[in-house]
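One chain, chain A, links the two complexes that follow: it is found with chain B in the first and with chain C in the second.
So, the complex of A and B:
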């Protein structure tokens, strides 16, 4: 018996020597929390899918390191006439990863595919009335009204080869039962997918025929989903992966002291805010009022005064986030510099406003919050609950997983809720359209405006903002809307969520506020 | 006898149906899959259309019968998350879980019996007492904590073993195995220890107490009196007679090793069916959850059925009772 134990012990001691790893410097591996659901660039419009596919597919335009758009498959573009649409001049000599040539046909095909009812990206093309091929390398996009931000809004629209899609019966995206394009990719981008095992690993290798200038030094890259944050952190610390996103906030300080690891921090595009039931007759979860205090702008301002955002950022976000006074972060196009700071932390002012609104003794209400959607969301909600209580507003906090949260919000089961918003177009018009416009199903307006906030002037300005070509005039209107939303306190903007990536210290990369991980900007030293 | 078996099988089928019904009733509380399937720019119409298309607008009982109807024909539906047939995904993930369970089971049995015998024979020795004390850890520490501790010790601090995953696997006609590569074998070590530790301590303590019991018996004393060597007494006479209850327990634990691999798989990002199930819960991937729960309940019901039938053959008293009385 003892002999057996002894030999087992010997084997265990020898194992590491035999199994020494032979990793090569140019191989790069990274961990993500969410595996992309599909490799089809038109099937699912989420950051996990589009962010990953940006490495293998390309659009007519792409975003550079500062989020500005720059030429990709189109070399230049200009408005047609007085805003009838946009003309794109395509790059010549580009080939897809399967070797076929890129032409205007592929652009038209990808438009038809991405704008089809089966696609999840159709809303990008709602302003488009027609797409015309002018010649092999020129395409016109005609819009129903002048559309200054159209080139910006299609930065994540990726071009698929028409011949490849037809040969593999993937002319339309199919998210319910999947098709060839769900598991295979054929783009024009810097990397091609050489192996795809959903939920397990996806392997990318450089595409030799890429048209662009290579900045990276990667010969093979592997993406692995790791859901458990502690496991991901251990994988980074042990060198099994070269990069993780995100680093848990509580581990940031510890990682910064570790010479083997670098923490890259930035500001995400996502603004965290509080929302209210503007149209409700009465609160649903109050024990002491049968009115809806939140219908009064003074009560909403009182909420803003009662919350000590800097304290939340210091204790819960450990100084990794920035306060914000509007629905977009400063990195977004159309951010209002003219807008003054929002209500400062002032519990006395909050109580005075409540008294003015007819609630000198405060009131009770229900506060809904997700507990697995945003960084430390539940802890933030607990802090807010405590701060509101000091001003006389007694919230009963109900935190739940996000898969239960959205149905509750849609059903109107809240008196106040927490929401994070990341504008898909990286433009200040986006949250106005989705969060501030009066809900209108037919016009696809206000689809996330759960509380039904409605302001005639905002509704009037939105279409003008969407079609104004002149930058200054457009910004003036955006400033006006930002001012209205602040005066009305339609939402209480709290802070911009941070991005915290952890890498091995021999890796250099670029972090973009959209949280897309762009492999062609990575080098391993 | 045939009547007994038929009755047990009918009971098993009933249990399966009820498990399925309870599972479907609970899916409602897991959340709504629609938001995960549509992007930010969805409209209320999109939500309703998809809900109808997936049949989620109907009561859970109707959804359940639809599932049963398809399952009987071997169709477990499409995963909401991956857009692929659930059965393909389960078959793809099963080898990882089965290999992990097999290695953990073997570790638990081999070390459990060996240490159990050792602690029984050297009951008063220092080593035996130390092993007994340490075994308390295996019983009392939660699996995920053991897993994280092992990762920090052997991957982060010592750098000997991989911190997650299955390493490189070799595909043998639909069965992916990690047994044939060094990285695959290395990757097996920590998860299988984590998963097997509880079963190992269980077997060890059981073997020890059974063995102590047997060593007190007269025939052991006679064997010693006959001048047999200790080794013969311990292994030929004592151990053999302790094995009957041990084998029963091992059989019953086999199912739980597979079912409770969920936590170990999550900690080690082990790409088996348990991790698939956890991901399915987060995504509210109802077809995957339903198929997994049915699979696990079929397994447990199957094991119990086999045990029942075996008892029937082993124990004649049962036979008389069942055919006569009930």
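So, the complex of A and C:
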């Protein structure tokens, strides 16, 4: 009995000591809504994956706190000749997290891997004709035409160790069935993945051999996916996690009054829009038409007229988002100031356009929507369903988790869909290449243009935009494309999504407009 | 049924009500209140289209600007006033509760009826026939009992959703729910009926029926069934409360009724997102309704069990 008492007293004395030691080791945990579906930096081109992997992998260049590119694995770069390509000088003495050295071989390998047909990142390299190793720490990227924004466009292209990939049979990404690189990571970045349980938790620890200057004071970081925003908020309020992204919009006002929590707000680069099946012969989910009304630009304009965007922003987004008339937000390079406002909310005009297109009584169709990808996405889709119903277009809404969402869109199982697009290059050329260019696998164009929108003039202008060095001439072409996309209503742009992060007050961090959470800028005080 | 003289049965029913059950019922204030609440909610949901000020299932009638209106307060933009406020889509919460209760009760009652028919049939068969029929049925029941019924329901729901074509998914969702909850709930009925059948089948009246040459089916339906019904009635009532809660749970988890046709569980799921932000009415009113409904049905079931059990009287 006495022994029992003594051991209990011992345990009681130990408990504060354990608590104190964990508080000293600066552990940081954060909650995300979407668990990155893979750790392979070339397999899936989504913000959830690339944003997370930026902490463990690095590219030749990286973005700083102001989104400008700065040297990372390359120390400098310069154009070759008169726009024949770019020469990158690599950083020496860098090692991967498994200890092997970083050389030009790894750059060439990562190019071949990321530009392969199996990779989701192949379109980044559509302007590249060849990559040549000059010496162990110099690499040339030859482009088909002058490409002034090339270094800017590869900030998310991450370098993988060739030896590691070959030893583990992961020379090519495998999006569908996965391989070794899906669950394991070996980058050169400031943090290494020490434990990965998909959907449960991912643990990161600082990489001791990192080449850069350490700004953070974290000894261990844990990422937990929490799908339900209210649950995530409760975890933040109770101190179970130190940071959540996003904070549910409806709770922002109340959180701002809470001294334990800091809310960091900004305008995200992400534009939320509606997409259509341009090439489909018939609607898939209609009960009353065997044609494809959305192939007619007037019907797409009717959709734009039928949606009361200001009302959505006022109620569901609570004045936290800005309307937008094109595929990029005003903060992006190449934003078209010349473009007029999009179609205003006008249900009568919508009905008139429908009648003109031959659907005076409207039609029914299937509307696909994610329910855990964008802020309040399901509520926005429900509101859109109601607004379209008022103009005679009866949508049956199918909201699903994002894991099932992209495969459905890729399979063409939609009549209308919701999409958010954040240009990785912070340039208006990006959505044109991915969303508006006619899909072409060989040229790596239009890879997210699910509906197959196709316009000859847009396809003609895109390579010119990519190679034009004169800012004014480039902007004139971007303006022309924006005008075509608005006239054709290729997509219906709705609003720019806000960025709302919530942290415990003892945490300082930097919020980047691309919604990437960079762990090396975090300190716990 | 047609063989039996109807007047005799009717008077038997009336006699039972007048003599016993009805008397204990009037003596139990809890039962009276519970029955009153259940009756009120039944009527309210049956006549929902007449009572509700708006039709929340008609997307064309919604005005988003009415969203988040507090109960009995004028909306900032439209000036409209709603008895219990509105949700994020501008739907009147009072109307959504009436329509939602309709779905909850419909799913609950149908699922219990389905489970009851299935459970009684299988229970009678296994109790009366015995042998391999009994082995197969009761071992299946045992296996199913090792899983929590909500998991069984989710499994059935998932499979059914997978095989229904997408364009009919919304319409089918309710029927799939009924099937899923019903299939997860038949075991109790089967076990109780089998137990009672084992006792009854050796009694003299059954042997007498067998002696005069009646078939097995007729003996089970006409002679044994009426004598095993009273425990079934008790289980059915308590199962109803459980089925309503099961439906709410499934819808709360987002696998039940679609968001455009919310049941009480869907409403609670939607409202839960606004708990921290101060729009309490979106959660509180549907949750209270569900609580009142499930509690009343449960109390009624408890009373029925006591009233029908001679040993407790």
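We adopt the following convention: the second predicted complex is superposed on the first by the 305 of 525 C-alpha atoms of A that agree within 3 Å, B and C clash if a C-alpha of one lies under 4 Å from a C-alpha of the other, contacts with A are read in each partner's own complex, and residues count from 1 in each chain.
One rule holds in what follows: a contact is a pair of C-beta atoms (placed from the backbone, for glycine too) under 8 Å apart; a residue touches a chain by one contact, two chains touch by 3 or more.
All values derive from a computational prediction rather than experimental measurement.
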First, second, both or neither for A:465, with chain B first and chain C second: neither
First (chain B), second (chain C), both or neither touched by A:123: first
Which of chain B and chain C A:496 touches, first, second, both or neither: neither
First (chain B), second (chain C), both or neither touched by A:174: first
Partner contacting more residues of chain A (chain B vs chain C): B
Chain B versus chain C as contact partner of A:366, first or second or both or neither: second
Touching partner for A:230 - first (chain B), second (chain C), both, neither: both
First (chain B), second (chain C), both or neither touched by A:386: second
Partner chain in contact with A:38 - chain B first, chain C second, else both or neither: first
Touching partner for A:46 - first (chain B), second (chain C), both, neither: first
Residues of chain A at both interfaces, chain B in one complex, chain C in the other: 230, 234, 237
Contact footprint of chain A on chain C as seen in their complex: 58-60, 62, 64-65, 67-68, 77, 88-90, 166-167, 169-170, 254, 258-260, 272-279
List of chain B residues in touch with chain A within their complex: 29-33, 35-45, 47, 53-54, 78, 81-84, 89, 114, 117-118, 148, 151-152, 155-156, 158-165, 182-183, 185-186, 189, 266-269, 271, 275-276, 278-279, 282-284
Touching residues (chain side chain A, partner chain B) in the complex: 1-2, 4-5, 15-16, 18-19, 37-38, 43-46, 120-121, 123-124, 174-178, 182-183, 198-200, 224-228, 230-232, 234-235, 237-240, 372, 401-404, 406-407, 410, 422, 424, 434, 441, 444, 447-448
Chain C-touching residues of chain A, taken from the complex the two chains share: 229-230, 233-234, 237, 248, 250-251, 253-254, 284-287, 308, 311-312, 314-316, 366, 371, 378-379, 382-383, 385-387, 389-390, 396-399, 413
